[in-house]
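Got some structures for you, see below.
Shared between the two complexes below is subunit A, which pairs with subunit B and subunit C, respectively.
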Partner chain A sequence: MKKLLNTLYVTSQGTYLSKDGECVVVRTEDGEKHRFPVHVLDGIVCFGNVLCSPFLLGHCGEAGLAVSFLTERGRFLAGVRGPQSGNVLLRRAQYRLADDPVESARLARAVIAAKVANSRAVLRRCLRDHGDRVHAAAIGRAVSVLDDCAGRLRMPVDMDEARGMEGRAAAAYFEVFGHMILAEDPAFAFGGRNRRPPLDAVNCLLSFVYTLLAHDVRSALEAVGIDPQVGFLHRDRPGRPGLALDLMEEFRPFLADRLVLSLINRAEVRGRGFVRKESGAVFMDDDTRKVVLTAWQKRKQDEVMHPYLKERLPLGLAFHIQARLMARAVRGDLDGYPPFFWK
Partner chain B sequence: MLVLVSYDVSFEDEGGKRRLRRIAKVCQDFGQRVQYSVFECVVDPAQWTRLRHRLLEEYDEERDSLRFYFLGKNWQRRVEQHGSGSSYDPETDTLIL
Partner chain C sequence: MDQTLPLSALQHYLYCPRQCALIHVEKVWEENRFTAEGRLLHLRADSGATGRRGGIAEDRSVPLRSDRLGLYGVADVVELRPGPDGRERPYPVEYKRGSPKVEDWDRVQLCAQAMCLEEMLGVTIPEGAIFYGKPRRRERVVFEKVLRVLVEKACGDMHAMIEGGEVPPAEVGKRCRGCSLAGACMPGASARVESYLLKGLE
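Right, the complex of A and B next:
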């Protein structure tokens, strides 16, 4: 069984990372700050002006560590993965499957069904915990829309229909998403999803956490040797990690969205931690970013029961398990892909 | 699991300094220095075999001493730190710099 390893996030500007023996050495202007053996990590995420020596990158590639470069505000720039690895037969099987509209629709349907069910679980959990403080009727209506979508997704549907269900479910879900924000602070008013750039604090948080999720899911896919670019639901587009986006869908509601909600509702992030630029874009400041990263790392250590394997595992490992199950489904060892249903 | 590695290297002969340096280097590859000649290494069994093998290659059986303490998987509650010096828990600390 794979172990949940740590991820190193480097947000201090002007940091230099290099390799010494088996260690990542972190240097700033004042000299060496830290060193970590590579084997305790499974990824490095660099924000903004962080330099990595080529030898460190090569070593990480060899050791299977994903290194991602993001802008200071968390937009993905590039990833370094080392030599192409894994099973070429698996990847060929994946491409054949992606070219087959019926099979792709089947996989896409599984992913969307899980996303819809997990979104519904998030709404229901909110009704259960804060039913008296939220607009229960509106959330209830959204739950029934999601119910309907989930029911239809139980039947075999084609790709367009599956996409339609996803759109309908997402619209209903984000319409009431703002109701789940209990903080009084007007900075956290939520009018709907927007991105590139995010126009309010909630969207800023959502986009940032989705980027962290994408990094983790993508490296899990790379680790099992499946091609993160060739998706089933998300069709090919240059530079887009389609399969990583597919696999992310089921995790978005309960991992990313709930994390954002609890950061706001527990007042761990404040309205003053966000800056508005002239363009209207909203970004978080350094301290807020650290709070979010810490919460994200802690959340990944929470233990959950895996719905398919019936085993307790840290949430952070679920990406790796799902990637492996996806590989098995692609290879035909499983009849279908069992997505992660959160309870 | 956590293995605590501590060593004493004799400086009586010429090679002492070199052995000390090389042993420290091996330990550093696998763990963190918590005191001058004490390292905490969080390793899996395969990594531990490699670490042990490399240490036993470097030390001098006649003059030096190596001690390994096995603190197991639930080592967090078996370690206390007082006074100066800071360390991190590679498994659960959030590594944000």
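Right, the complex of A and C next:
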């Protein structure tokens, strides 16, 4: 079994990364130096003005490490990938499937099924743990909408229906998402999902954690040689990682959303850790970003039982497993794509 | 044959055709302790170009190739031993970390090396040896007809599989436990997806 390795997140501006033997050397602007052996890492994510020597990039490529460059606030800019990834036969099979409406709908249904089931599981878990502190009736209503969607997804659906179900489930879920926030701080009031730019602290956290998730999912897809751009549910749009977005759906509720909720509810992030710009856009400060990165990294180490393979594994490996299962489904080795159902 | 494959592919193919396909069709590669140690052992064998050992001349890291078998690779050591006609004859020696196996894999691979050398040099090579690290022992291998037929057949089947872009399904067995690609192979992934989906949607 593949090992879960660490991702190196570099947020200090002006940092320079270089290669020394088998190590990444991280030199911050004030001259501080850290070293990390390449073999304990599975990726490097650079935020903002972080420089990498070409030799380090080449070495990472060879070792199968994904290096990503994001803006300081977490928007994806560019990625450097080594020469190994990319199996042309697998990609061809993927493109053929993506061109086939029936097959695409089949895969989209599996992806949506897990998103619906996992969103519902998050709401149910909240009712179980905090039933007395939340608006249980409203959450209960959302659960029944999701029940209904789940019921309909038990039958094959076409692409329009799959998308319709996705929209309905997401609307019901985000309508009550704010009820799961137990913090009194008005900075964490949630009025619905918005992005680019996020207009409140909760959306700012959600967007940032989704970016981290996207990076990991995308690297996992690239590592198995499948094209992260060409999705089934998310159709092609230049620059959009369609398949990465597809594969993210199942992880959003229980991995990303619950992480945001627990950061807020356990007061690990505070309202004062967010800045509002003139435009209304809200950004988190450096300390808050570090708290989120650490929590993300820690969450990936939690062990879970893989519902399909019936093996225990750290959550962070689930991206790789799902990417492989997707490749399996694309090649027709499996009779469909088995998504990750969270219980 | 469209392409030549490394000799190690043959070794993988004999161990498990799916393993070979995962590496050469799907291009997965996962290093584990065994492959890492294997590489170190090879590095040691690589440490010089030519030399003598106990009066026998030897070449180390000898490049190999056979168009007929569609193979290329490197022999750890090729000793030059005097033949019956007094001329020097190549004698391939392969270094293995583990212990001798009941199966024929190592012998087939060594025989394939010999067949490459034969094609390159236009000679006949009747035998070679495998050095096992555990226990530290040399084993003689005679390149008899049956072994040569096995090499030809395995090469043909392997090339057909890889050129067809085919990845055979997992045949779960004892060898999966020692398989460095089990993580990528997921031999356990065979349950019906539709019933799994229905259960998840309950």
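FYI, the second predicted complex is superposed on the first by the 337 of 343 C-alpha atoms of A that agree within 3 Å, B and C clash if a C-alpha of one lies under 4 Å from a C-alpha of the other, contacts with A are read in each partner's own complex, and residues count from 1 in each chain.
Heads up, the rule we're going with is that a contact is a pair of C-beta atoms (placed from the backbone, for glycine too) under 8 Å apart; a residue touches a chain by one contact, two chains touch by 3 or more.
What you are looking at is a predicted structure, and each value in this text was computed from that prediction instead of being measured.
Colleague: Where does A:K298 make contact in the superposed view: on subunit B (first), on subunit C (second), on both, or on neither?
Modeller: First partner only, subunit B.
Colleague: After superposition on the shared chain, which partner residues are touched by A:L325: those of subunit B (first), subunit C (second), both, or neither?
Modeller: The second partner, subunit C, only.
Colleague: Touch test for A:A138: subunit B only (first), subunit C only (second), both, or neither?
Modeller: Neither partner.
Colleague: Is A:L334 touching anything from subunit B or subunit C once the two structures are fitted on A? First, second, both or neither.
Modeller: Only subunit C; A:L334 stays clear of subunit B.
Colleague: For A:T7, decide between first (touching subunit B), second (touching subunit C), both and neither.
Modeller: Only subunit B; A:T7 stays clear of subunit C.
Colleague: Which partner chains sit in contact with A:A281 here, subunit B, subunit C, both or neither? Use first/second/both/neither.
Modeller: neither
Colleague: Please determine whether it is subunit B or subunit C that touches the greater number of subunit A residues.
Modeller: Looking at subunit B versus subunit C, the one contacting more residues of subunit A is C.
Colleague: Which of the two partners, first being subunit B and second being subunit C, lies in contact with A:K310: first, second, both, or neither?
Modeller: A:K310: touches subunit C, not subunit B.
Colleague: Could you look at A:I181 and tell me whether it touches subunit B, subunit C, both or neither (first, second, both, neither)?
Modeller: After superposing on A, A:I181 lies clear of both subunit B and subunit C.
Colleague: For subunit A, give the residues common to its interface with subunit B and its interface with subunit C.
Modeller: none
Colleague: Any idea which subunit A residues touch subunit C in the complex?
Modeller: Residue list for subunit A touching subunit C: 1-2, 84-87, 89-90, 110, 113-114, 116-117, 150-151, 153-154, 224-225, 307-311, 321, 324-325, 327-329, 331, 333-339, 341.
Colleague: In the complex, go through subunit B and note every residue touching subunit A.
Modeller: Result: residues 25, 28-32, 41-44, 47, 88, 90-97 of subunit B touch subunit A.
Colleague: Please give the residue numbers of subunit C that touch subunit A in the complex, ascending.
Modeller: 25-30, 165, 167, 169, 182-184, 186, 188-194, 196-198, 200-202
Colleague: Note which residues of subunit A are touching subunit B in the complex, please.
Modeller: 3-4, 6-12, 15, 20-23, 26, 33-37, 39-41, 290, 293-294, 297-298, 301
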